[in-house]
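What follows is a single structure, and I will ask about it in a moment.
To keep things simple, chains are lettered A, B, C, D, E and F as they appear, and every chain counts its residues starting from 1.
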Amino acid sequence: MGAYFSDIFFGLKSLFIGLGITFKEFFKPVVTVPYPYKTIKMCKRYRGHIELIEDEEGNPKCVVCGMCERTCPSECIILGSKAVEFEVEVKGEIKTKKKKVLTKYDLDFTTCSLCGQCVESCNFGALTFSKDYNLASSRKEDFHFDLLKRLKERNS
Amino acid sequence: MIKDTVKQALQDLFPDPEPVVEEPVAQEADGEEAGDSKKKAKKKEEPRANGVLERDHAKYGCDLDVQLEPGELLATVMILDKASFFLESITGVDWIKEDQLEVVYDFSRYDFEICRVVIRTRTPRSTPLVPTISKIFPGANWHERETHDFFGIKFDGHPHLVPLLLPEDADFHPLLKDFKP
Amino acid sequence: MSILSLHNNLNTYLFLAAILFGMGIYGLVTRRTLVGMLIASELILAASSINFMAFNRFTAPDPTVGQIFTLFIMAIAAAEAAIGLSITIAVYRNYKTVDTEDLVDLKG
Amino acid sequence: MSGPIRIQPGETFTLNVGPQHPATHGVLRVKMEMDGEYIVKAETVLGYIHRMHELMGENRPYPKVLPNLSRLDYLGAMGYTHGHVLAVERAAGIEVPERAEYIRVITVELNRVASHLFWFGAFVMDLGGFTPLMYALQDREHILDALEGITGSRLTYCYFRFGGLCNDIDDEFIARTRALIPRMRKSLKKYEALVTGNIIFRKRLEEIGPISPEMCRKYGATGPVARGSGIDFDIRKNEPYSVYPEFDFDVPVYHECDSMARYKVRMDEMEQSLRIIEQGLDKLPDGPIMPKRKPKLIKPPKGDYYQAVETARGSFGIRLVSDGTKNAYRFKLRSPTYSNMSLFDEACEGMMIMDALALMGSLDLVIPEIDR
Amino acid sequence: MNPTVATGAMGFLTGDGLAGYADAIAGFVFLIMLAITVIGGLIACNAERLVCAVSGLALCFVGVAAIYYYLNSPFVAMMQMLIYVGAVCITIAFAIMLAAPEDSQKNGPAGPLSGPLAFITAGLVTMGLIGLAVNTTFAVLPKLNMGGVKLIGAELLTSYSMVFELVSIVLLIAIIGSLVIARHGRSK
Amino acid sequence: MSLTIFNTVMAVVIAIAFAAANAAYLVWAERRGAGRIQRRPGPNVNGPFGLLQPPADGIKLMTKQLMIPAGADKALFMVAPVLAMAPAIVSFVTIPFSDTIVAHSMNIGVLMIFAFASLGTMAILLAGWGSRNKYGVMASVRAVSQNISYEIPMLITVITIVMMTGTMDLKEIVTAQSGGLLNWNIVPSLSSPLMPVAFLIFFICSLAETNRAPFDLGEAEAELVAGFHMEYGSMGFGLFFMGEYANIVIGASLITILFLGGWGCPLGLYPGVWWFLLKIYLVIFTFIWIRWTFPRTTIYGLLNLSWKILIPISLFNLLLTAGLLKVF
């Protein structure tokens, strides 16, 4: 009989303790962010999709070595390049040299697993993560990024 | 301690408990550590002989490595059950060059004496058949079903050998080396 | 007598009770399951209650008596339903059927 | 008229719990043979999100498998990646700098707390209480923020590399983590009062869903499920790896074998993880995070390697069979919940469906990790 | 236009005012309740599936309760709702769920002739009763009181206390008996 | 006669409107309250403080297609939501909001509310059975056994109150409690020392009768998905929802009338309808607060609570009160 009543008493007590906790929380400020009206800043290392980095002249720093293409686990990077001849002055004489120039940098973001190995593997510091996270779309094609085009749009 | 007793018990199982069988294997294991010289690699082509082998835990992550015939499996597992081992996992390896399928059983214990026992048994690729241990370890039920899914190894006496992870009507075995998706 | 003042007429209630009673009889005969028969018998009880209440309202000198009787009928009906249904469940559990035709074992 | 439960054919009916069911936390299906509210027989059907990670591991060079491991268990991704890098490092013989190992341990433990927090919320939600989930998610958010600050993502981190880490931690992370520990301790007290002491909660868990130690052994249950059954088994202690021997922490073990014991084990584990994180931050050595000498191409020598780690759900093992090439010959993932879940079919027989689902919740299921 | 609305409207127009209209409403509602009772009864004894039959029974009881209300005894009406709809019907529905799987239900007539025969029997009984009701003149005695709830309670515990106690014993026995009969052999 | 009928009709219309408005806005209040307890804002987009959310939800529900599952019993399936909503609204008719604002005062008001509440139980049963869904059937069996077992302690407690005040008229029960806090039924007096306990029992029972958490076993979303109204969409679901909230208002009103002095002020001054509204919304807030604090009970724990704790204690209270009333 004693156990019966103590069970009821302590049971009720535990319930009131719980009620007290939620009551206290009731008056605390909200912690959520009303998303479309307010956004938060992404942290420094936020890994979004990748973005090309330009040099002083506004051209991509990329030298088309193909490291990113090779390390990508999801094989979602496709590079395109063409050889361009250009002249350099070496010890007073002008020489023509060949250089690969980036013509295409396609990122298929639908298969990207955001591991960041492409940026890590780049020895020329030509890739960075974008801070863009508003990426919802109902079409698959919206996620085939042409990074070169994006770079140009950013510059213009 | 437990390692030695289990090793003793396991060695008693084999008809030829003389360490003759083991020695060359042990040497090979050493050879692996030294590096992969071509001679040893060639020598390795032959499958390992049956027997118990003690391994370096730090290097391989297991303590006892037992190779046996499918027929001896149940007796071995019984010994491990008595020594209160638990079944960690069952998996297969497809040795396509040797035309064999290997079933690997991982056992471990719930105590502070590290003792991981690996049991390997091989079965021909054309008619892969291994006795089930799900009578001794009911937990083996799912593992065996999974192995059957992936390798097509039949477990003799298994109560419910239907695909678990693959679709119900799957007739392919994706982890076989000659599997083309 | 207008159709809208039917509720002030004793015969309306007696007719209704008769109809419900007839339905109850019909159900009791045609139903083949124990539960169905129970439902029909509830209808018969309702019919008798309506009669009690109607006479109580229109003819009886002490209008409490009929109500008290109806209350007793309710209590008995509830008891009957409880017992009847528990028997049904017990029968079902043992014979796997509540069909009166199949329950030959219950015949003497 | 008393006796054992009578099972009569024709009186039972089949209830499909799942593949879309709130209590299964994903696409898991349990075919239950029910007698009223009682379960007569249950059969778990898996494979709805099977992705054949093992085949992927065999088709790709080792580094390309790294991001896959975080996809196994999206709640405790760090622990699984840890197991993977340790296995490959063991096979290829790569030395890991001490600082990297310390950071690995800190992040793994942070992730363990986050995983347990989410489990806590989801478990209480299984039992019908929604508010604790929200509180748990608020706390978890701080942990995820800290981890996002160093790894760049919130769930599938892919932070570890063979030999070390992809980038070093910064002061902000340390400050965040230090601030997080007392906050977490306060929250744990709150949960204790709000949930653990609650009479309804206790009545729903105590003596419900018993799993005997023997059953644990037969089914190979590990992690909190085994520890809730009185088995003192934690890979971090029993088979120490990484720098865990340097830390002072306890392994909570409860002998009640019921759902409440498993619940308490996880709640205590959070406290122990906080202790590890605290010590790790104190002891954190300086130095590089990647080894000086690291092979360009990872080609482990021929052999058969096994590495087990203690993740949030139990002992996760990787069996790596190498044939000396840059791809693994066999890449077996031993997932803890797979074994833990396999005992559900037997354990829930004769239970009421509510209790069975409480038991299922206490097993801490993450379906992608079972299906792999 | 049917006479219902017509009378009501006429009453309203001819200066009886709202009173006639209200009476018309009362009469109209009574008709509806009458219909509900009969329809419910018909469903209860004719429905294919037993669950429908129980719902019909519940409907019928609601109608009967309304009729009790018209018979100046709201208390009994409410008791009718509380006991018949809230307890008896639900118990029957429960029993159907427990003991009558839908597949094994054969609710057709027992024999080829039983349906018509039953109908004729029931019809004759009904006609007989109606005839009886029409042909009898019931003596109407003057009312001694109004028959309120308080009086019912007082009489239950004074004049009818013996019956009251007996009924409570019957109920108790029914509860215990049904528990004993229906107890499942399950024990954990 | 004429005017009373006219008034009754008007009052019934007002009662229905009140019930519907309450049902709609209690959903809003519930979501806001839950949000505050969980430290999030709740609905706040439609209109100021999200006040236009209920109409938006209503329009959405009404414009959706009414789906009837293939195996369902069509008649039962359609009738059940109406049956869930209608009795709840009818019960409003007899609830006195103040000594003048009452649609239809009955001398057996308490009984009437319980009589119509039992129809709601029938609705749950029919909904579960009619949708021919195993989860639905299990849930309705649960909900009905729960409703039946909690009706008993509830009625016993009501009988205690009726005994103390000597009437079943809700208005007179309130009148008996007029004159300040000390006359309320919740306060223990010499003849009824266990009244706070009775209040607690009644409160728990009304939680259970309205299928509110922690007793929402009928729609236990974690195990039975949504229970008896699992197969309902569009307005079928809407009616169940509104019926549930209308029942909550009735439960809160009953608590207020039976225990908290109805429209009386705690100090005995200025009684009026605002006090009544204040009290019922406080009780409803407590309902919401409890729902978002506790986990759900088990079915056997629930039945044990009723049969082993609530019924014995309420019976004891009844006997004690009867005895003490005779003495004093």
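Keep in mind that, in the parts below, a residue touches a chain if its C-beta (ideal position, glycine included) is under 8 Å from a C-beta of that chain, and two chains touch if they have at least 3 such contacts.
Not measured: the values here are computed from a predicted model.
**Student:** Going only between touching chains, how few steps reach chain F from chain D?
**Tutor:** Shortest path length, in steps: 1.
**Student:** Per the definition at the top, count C-beta pairs in contact and tell me whether A-F or B-D has more.
**Tutor:** Looking at A-F and B-D side by side, B-D shows more C-beta contacts.
**Student:** What is the chain whose Cα centre is as far as it gets from that of chain E?
**Tutor:** B
**Student:** For chain A and chain D, let me know how many angstrom lie between their CA-based centres, rounded off.
**Tutor:** Spacing between the chain centres: roughly 27 Å.
**Student:** How many angstrom between the C-alpha centroids of chain E and chain B?
**Tutor:** 76
**Student:** So how far apart, in whole Å, are chain A and chain B when each is placed at the average of its C-alpha atoms?
**Tutor:** So the centroids are 43 Å from each other.
**Student:** Could you pull out the residues of chain B that touch at least 2 other chains?
**Tutor:** none
**Student:** Going through chain C residue by residue, note those that touch at least 2 other chains and give them in order.
**Tutor:** Chain C, residues with two or more chain partners: not present.
**Student:** Mind pulling the residue numbers of chain E that touch at least two other chains?
**Tutor:** Chain E, residues with two or more chain partners: 75, 79, 87, 94, 184.
**Student:** Can you list the chain D residues touching chain F in their complex?
**Tutor:** Touching chain F: residues 13, 15, 21-23, 34, 37, 124-131, 134-135, 138, 194-195, 198, 200-201, 203-204, 352-355, 357 of chain D.
**Student:** Show which residues of chain F lie in contact with chain A when the two form their complex.
**Tutor:** So the residues of chain F in touch with chain A come to 33, 35-41, 44, 289-290, 292-294, 309.
**Student:** State the interface residues of chain A toward chain F in the complex, per the touch definition above.
**Tutor:** Listed in rising order, the residues are 8, 15, 18-19, 21-23, 25-32, 34.
**Student:** Can you name the residues of chain A that touch chain D in the complex?
**Tutor:** Residue positions touching the partner: 10-12, 14-15, 17-18, 21-22, 25, 31, 43-47, 71-74, 113-117, 120, 129.
**Student:** Residues of chain B touching chain D in their complex?
**Tutor:** Against chain D, chain B makes touches at 32-33, 35-36, 41, 44, 59-62, 65, 84-89, 91, 93-94, 104, 106, 108, 110-112, 114, 116, 118, 137-139, 141-142, 150, 163-167, 174-175.
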